[in-house]
Amino acid sequence: MHHAKPLPSYLVKRYHGWKATSYSENQAWYRRLATEGQRPRAMVISCCDSRVHVTSIFGADQGEFFIHRNIANLVPPYEPDGERHGTSATIEYAVTALKVAHLIVLGHSQCGGVQGCIDMCKGEAPQLEAKESFVGRWMDILKPKFDLVSDVEDPAEQARQFERQAVVASLENLMTFPFVAEAVQNGSISLHGLWTDIGEGGLEYYDPSGKKFLPV
Amino acid sequence: MHHAKPLPSYLVKRYHGWKATSYSENQAWYRRLATEGQRPRAMVISCCDSRVHVTSIFGADQGEFFIHRNIANLVPPYEPDGERHGTSATIEYAVTALKVAHLIVLGHSQCGGVQGCIDMCKGEAPQLEAKESFVGRWMDILKPKFDLVSDVEDPAEQARQFERQAVVASLENLMTFPFVAEAVQNGSISLHGLWTDIGEGGLEYYDPSGKKFLPV
Amino acid sequence: MHHAKPLPSYLVKRYHGWKATSYSENQAWYRRLATEGQRPRAMVISCCDSRVHVTSIFGADQGEFFIHRNIANLVPPYEPDGERHGTSATIEYAVTALKVAHLIVLGHSQCGGVQGCIDMCKGEAPQLEAKESFVGRWMDILKPKFDLVSDVEDPAEQARQFERQAVVASLENLMTFPFVAEAVQNGSISLHGLWTDIGEGGLEYYDPSGKKFLPV
Amino acid sequence: MHHAKPLPSYLVKRYHGWKATSYSENQAWYRRLATEGQRPRAMVISCCDSRVHVTSIFGADQGEFFIHRNIANLVPPYEPDGERHGTSATIEYAVTALKVAHLIVLGHSQCGGVQGCIDMCKGEAPQLEAKESFVGRWMDILKPKFDLVSDVEDPAEQARQFERQAVVASLENLMTFPFVAEAVQNGSISLHGLWTDIGEGGLEYYDPSGKKFLPV
């Protein structure tokens, strides 16, 4: 590995600032977290998108949330076939090792992954349909939900509805994991679906009784 | 999907607090990020561990970092086989769509995933070796590096060295992606390996010339 | 005093969030509470335990409850000997200065203080019997009640019964304060004993006619 | 104990509302807190005053803060004389059993206990000087600090300054406990002094370098 470079100096400076202030104020707790281990209350499955910071929105500090971030906050279905399943590994670790009490799926507006899936479903993204497209193959998880929004004419509205369906799809797929279903049924875990509007700072939660998202 | 519950009220309160302060102060920028799209400077590949917040360490706000978080901050090798590869999808998106300037892999101390891999390599974790173990199959990525640390007698020191090898392995695997290798070679992207000590707030970067980690 | 540090930044952020929302919504009332003084309807004597929030359970806002919290929600007997008695001071203030209408003692499950007292009574906690043990000397208040539960074989059930006896002991000791007994007799105050089950969210009240706790 | 009454029905109703909503949303976590025990990050020493709710100000849920509340948020000096010391017991439990990372003393405006101490120091409160006055004997803890504010002419300003001195006195007395001093010195605990303005929702922290309180 010959290519790694030192950290850009603006990040070095910020790090030293954090060390002298936030770290210093919290040193005792961070040391305890290190020696005793984490005990996060919730796992959050969120998008990699740089505009979505779940810790900001919820004023969370180190130790509170176990966070998996991938393209479009998707959970694939349970497939114990001996292959690599990075997202499934995070869920397995959170539920069986850490025993988190909440599984929160956080979707968001202007999601590039979801838009790519729409483009694929409309036949407008041949590059994503190529076998070699990692993003395309990943977004295949969401494809079966496209029927639910294919009639929506306004493209922005269609995208927003499909982003919410990505959250519902992930919640549904979570329930295909035996250890999740069992934990839900015995009351040791609860599932939560959220969608946030990046520009307006809105937050909605999924209400399964009405099958829709409502403002929190 | 009948199982989703409303958001716990303490998080609802904290969200409304964020909306009225941090969001409000940054509304103009967040709206612009929403309408014009994200343009993150760097992608960070970090662990799901609740004790590692790269945005805190680097004082980063929404829009700065495209963040993928998985178990043990691992990057698998390039495998365009038409299967789902969630981590590879995040890298493809960051490099080819967002054209980030930096790829940062951030490892950390007390990593449960890395410890699990050590246990597997020592034959002490049969449950992780089962075909059905998602964590086990995921940590297989790191196994080839175990020879480099198998002689270290002190278990804590061995774990710390193996955590750093996880960073190196990810950097190496990043270079197997043609679009990453090309971007590195033409100077449009740079790679960075980091390791942070949770308890002490330390930060080290990988220096390929000496093949070791040095304090930032 | 050279050792105080600034508030951790995650709490600073949460505070500013509260200020901009809950405080702002209630500013007129909070200002009136400040200028006219508090007029709480009830005093609650509860445990310091982080899992017991009487304001949550009863949806109480600022101004409703005057709250004393100590180890195991204990009230010592009346002892006007000129020494410091912190708990007695809170009761005196609530009854004679604030003239609260209710005195509520709230016990709870999994109480570490009560468990410590059980261990002492069984001779299994020599460290708590040391003269220097503040927790031990405080839990001495409850010791005389141990005879009532010493025959219970199941340790969990014994602890739950002893936790309820701690509530009864406190109610009895409250009546040794002349100003409490007088207020009870002239009907200007009423006493209430409660016990909550942390994990199940249960709430029971003490019924003196049957000398037992009943679900609310 | 013949005097306990059932819980007032307005509180019964609120409790059932909490059980059906907040408890239900958090059941998994509350059950885990019950079975695995609490691990609060901080201890807060606050006043019984009904207008001061530290959990509101900091958006804290069950499990986050171990809270002791007494008259005027006072900590007495270390006195291991075998007598009952309720406040010292809470500190001993928080530091030695729970190993909290932060000790936060939270003072507040319009504190009746502090005003009583001022009245005593000015010779205007003979009833508080009586041996039998529990409040008077408790507020004796603060008396030695009166010299620092005795020259302040405006009574409201004098009270505010004395309320802040109550916080400083408690921080100083905390350091007389060997287990606190040791934990501070080895970095396993940090002390924080705060003062809140009830009417205006302000919050200040104690800065020992300038020996004054600054807005957070």
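As written, the chains take the letters A, B, C and D, and residue 1 is the first residue of each chain.
The rule we apply is simple: a contact is a pair of C-beta atoms (placed from the backbone, for glycine too) under 8 Å apart; a residue touches a chain by one contact, two chains touch by 3 or more.
Each chain and its UniProt protein: A, B, C, D = Carbonic anhydrase.
Given the structure is predicted, the values throughout are model-derived calculations rather than measurements.
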| item | value |
| --- | --- |
| Pair of chains joined by more contacts [C-beta pairs], B-D or C-D | C-D |
| Chain C against chain B, contact positions shared by both copies (same if over half, else different) | same |
| Whole-Å gap separating chain B and chain D, where each centre is the average of the chain's CA atoms | 41 |
| Inter-centroid spacing, chain C versus chain B (mean Cα positions, whole Å) | 46 |
| Centre-to-centre distance between chain D and chain C (centres being mean Cα positions), rounded to whole Å | 14 |
| Residues of chain A touching at least two other chains | 22, 25-27, 29, 31, 59-61, 63, 102, 190 |
| Interfacial residue positions of chain A with respect to chain B in the complex | 1-8, 11-12, 14-19, 22-23, 27, 30-31, 33-35, 37-38, 40, 43, 48-53, 55-71, 74, 76, 80-94, 97, 102, 104, 109-110, 112-113, 131-135, 137-141, 168, 171-172, 175, 184, 190-194, 197-201, 203, 205-208, 216 |
| Touching residues on chain A, where the partner in the complex is chain D | 25-29, 31-32, 36, 39, 41, 59, 63, 99, 101-102, 183, 187-190 |
| Residue ranges of chain B touching chain D (in the complex, touch as defined) | 5-10, 13-14, 17 |
| Chain B residues touching chain C - in the complex, by the definition given at the top | 13-14, 16-22, 24 |
| Residues of chain D touching chain B in the complex | 21-22, 24-26, 29, 59-61 |
